[in-house]
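First subunit A sits with subunit B, and in the next complex the same chain sits with subunit C.
Moving on to the complex of A and B:
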């Protein structure tokens, strides 16, 4: 902890809260590189030969499985943490490229339901805004056990963002900090979870898949238990995963890097061939997507990266009224999502700030970004000789650092050495 | 990177010449696979494999003296696994299924893990063995050879021309892009497949044969007479 951070606590007498994800350096997908084809393998021609990206989730149990045109979904972010135009923009972008977006704590808004072709409805410990009508309007249900930014902790929404609409949806008083429960009210262990999942299936007439989302900590056991409890899809959110607001100590000091989590989760699902794996937390580029798929994920989810594509940390409001400067930060460094003063209209409930975000133009940027990283993903897959991005495998990767080699369990580049093997 | 030759005799009168015809065919694709070679001869399911030039091996094996009903052979230029007799094709698995492969699979490590998890055992780290074991596993599960080969096309990524023989059948299949060479010739006396036409040109009656290139992801299957 820096002297400044000590002084901050000395001044406030409490812990700091912020948005964003872990900012410390941890091993990431950047520490891996692909062994693309030359003579012993053949690459596919990028301009003529097809490389499939379609991803089907939950076909074993659900009558209407989730069908994604790309293996990249948009992660759960609440209306409340995000503005209504931001939620709408994410829904529009996801629909345009044929993927799914996800609700968050606080329920489903009509705007996001209408703009999202495939909408995953979260069932969180707080149950704020959770109701059977929206449940039946969803294309999948995601039971949230935890989140990479704060595994073991509950959701949080500062009073500044609890405007009249958000407060009404959550049946909470306006302007008062909301600290959500860290565990579900009606079940604690995997035995109860199994019953909960059956209940959700019954309520939706076995129509839609059930996801279970966990923060990456004791990944192997948690994923196995989620699968045993009946999940169609397990979502594992690594420690780089972002949030709209949580205690800084959670963001930086809990969970394991996404890189380490993928392999553990894939191992845990080895005996569950029908259960899919979605990985999130720090996914930014097509290389990240391809590496996550190679290590065993069926799809990835993005949160922060979608917000950045939408305009988060854009330089247009560096100065002037309601700028980054007012939040004591600058464009590129802002993690003040929790304050509700988001200068670009994304993480705010202020009508004036929200008006800065045009959902249609924002959606175009997010859709462009999703298309671009999908192309990057297929580019790498083709270069590895794959006609389907899901055919990437751990053997296509080597590691550039000993730490990454140990976590991803791929050889250190130029050797056949996997630490611990 | 490898040469394939396969022959199924329809005319019983040719059976005493099976080994000699296969030796002549293999000699024509030796440049494609100078490291090592192997052959399965039916109906005995005699499997011969060795390291060295295919022509030398054929002489060592006294191949020209061997008779039979059908045979499938491979001349190998190794890609990723070692040059040993154990790594030579054909991979002979299950109830006498022999597979030879030209190309390289792109997702075989994953499929190997899936098969291992289902109790399938492997003899080598060769990618082609994964295809052979996959087919044997599907046949064990009740699929016929044609269905098993279709499932292989769905599941395997990469480049492949495969020739497969069982005691009852001979089949050829290629990947969706079909860039590894293959040519088929049929006469009333025999059906043959090879990586190059020159290996078919040594066969009796080739001038009157129906010669064609197999289409991508199409299963060609001939039952034994």
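Moving on to the complex of A and C:
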């Protein structure tokens, strides 16, 4: 802990709170590299040969499985943490490229339902804004047990962001500092979770898939328990996963890196061929997507990266009224989502700041970004000789560091050595 | 209409209930503690359950009346939006969890965390409630005809709890408040409406939020 961080605690008398994800250096997908084709493998031609990206989730139990055109979804982020225009923009972008977006703590807004062709509805411990009508309007249900930024902790929304509409949706007094429950109110443990999942299926007439999202901690056991409880899809969020507001100590000191989580989760699902795996937490590039798929994910989810594509940390409001400077930060370094003073209108409930975000133009940027990283993913898959991104496999990868080799369980580059094997 | 759960799956029974028109009545026999009975109902129908229901009876429903002639498992009436759930016997944990509207009545006792995360519904328990009744309850009313366990109203928001018997202790940020005339009127009306004749409306304890946890983070 730096001297500045000590002084901050001395000033506040409590833990610091911020947005974003873990900023400490941990092993990432960047520590892996692909062994693309040459003499012993045959590559596909990038511009003439097809590489499939279509992803189907939940076909085993749901009458209407989720069909995605790309293996990249937009992660759960609440209306409250994000502005209504931001939620609308994410929905528009996801719809444009044929993928799903996800609600968050606080319920579903009509804007995001209308703008999202495929919308995943979260069932969180707080149950803020959770109701059976919206449940039936959803295309999938995600029971959230935790998230990578704060596994074991509940959500937060500071008073500045608990405006009239958000407060009404959450049945909370306006302007209070909200701390969400960390445990579900009506079940505890995997045996109960099975019954809860069945209830959600009953209430939706077994129409839509049920996801279970966990923060990456005891991944192998948690994923097996979620699958045993009946999940169609298990979502594993690594420690680099972001948040709109959480204690800094949670963000930096809990969970395991996404790189380590994906392999454990894939191993855990070896006996569950009908259960799909989505991995999230720090996914930024097509290389990250391709590596996660190669290690066993069926799809990935992005949060922070989608917000950056939308305009988060853009330099346009570096100076002037309601700028990054007012938050004591600069464009490129801002994690002040919790303050509600987001200069680009994304993580705010201020009508004036929200007006800075055009949801249509913002959606174009996010859609472009999703297309670009999908292209990067297929480019790497083709170079590995795969006609479907889901055909990528661990054998296509080696590690550049001993740590990454141990976590991803692929050989250290230039060797056949996997630490621990 | 009678649906015998010894020969009908829960899935089929629920699908049958959901297809009933407003005003219809159905009776579920031989429930034998099966979970998820009468969940996700949307129409003004009446469902009677002859015996013990498992978890989440009547959960995620609106408009319907569900009468359980027996005891229930966890989360009876969870996330109820409107309508009535009535349990003749005892209710297990997390009764009426996160219920937004409607009324949940238990004629016996309710276990731990009755009314947890309540969001506007009315919860009445004729007998005792276990620990942490009203935990993080956000809106609505809880009336307890007997005693309350430990941590009553812990982290309470704007829901109000009335207890006719003894309270073991209060949870964080819950406090006892003076009864107003409107409280007495409300308790009297609820008690009369649901036959809780043993409750003296002028001798209940009102527990509400002390609101000391509302601004823990704002500088």
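We adopt the following convention: the second predicted complex is superposed on the first by the 421 of 421 C-alpha atoms of A that agree within 3 Å, B and C clash if a C-alpha of one lies under 4 Å from a C-alpha of the other, contacts with A are read in each partner's own complex, and residues count from 1 in each chain.
The definition used in the following text is that a contact is a pair of C-beta atoms (placed from the backbone, for glycine too) under 8 Å apart; a residue touches a chain by one contact, two chains touch by 3 or more.
Because the structure is a prediction, the values reported are computed rather than measured.
With the two complexes superposed on chain A, say which partner A:395 touches: subunit B (first), subunit C (second), both, or neither.
first
Tell me the contact category for A:49 with respect to subunit B and subunit C: first, second, both or neither.
In the superposed model, A:49 contacts subunit B only, not subunit C.
Quick one: subunit B or subunit C, who's touching more of subunit A?
Of the two chains, more subunit A residues are contacted by C.
Answer with first, second, both or neither: which of subunit B and subunit C does A:160 touch in the superposed model?
Only subunit C is touched by A:160; subunit B is not.
Which partner chains sit in contact with A:98 here, subunit B, subunit C, both or neither? Use first/second/both/neither.
In the superposed model, A:98 contacts neither subunit B nor subunit C.
Let me test your reading of the model: by the given contact rule, A:419 touches which partner, first (subunit B), second (subunit C), both or neither?
A:419 sits against neither subunit B nor subunit C.
Which holds for A:152: it touches subunit B only (first), subunit C only (second), both, or neither?
neither
If you look only at subunit C, which of its residues touch subunit A in the complex?
10-11, 14-15, 18, 35-36, 39-40, 42, 54-56, 59-62, 74-75, 78-79, 81, 93-94, 97-98, 100, 113, 116-117, 119-120, 135-136, 138-139, 157-158, 213-219
Can you check the complex and tell me which residues of subunit A touch subunit B?
37, 39-42, 44, 49, 270-271, 273, 384-388, 391, 393-395
Going by the contact rule at the top, pick out the subunit B residues touching subunit A in the complex.
79-80, 103-104, 106-107, 109-110, 113-114, 117, 157-159, 176-177, 179
Spell out the part of subunit A that touches subunit C in their complex, as residue ranges.
Going through subunit A, the ones touching subunit C are 12, 14, 17, 126-127, 130-133, 135-136, 156, 158-160, 170-173, 176-177, 179, 181, 185-187, 192, 195-196, 198-200, 202-206.
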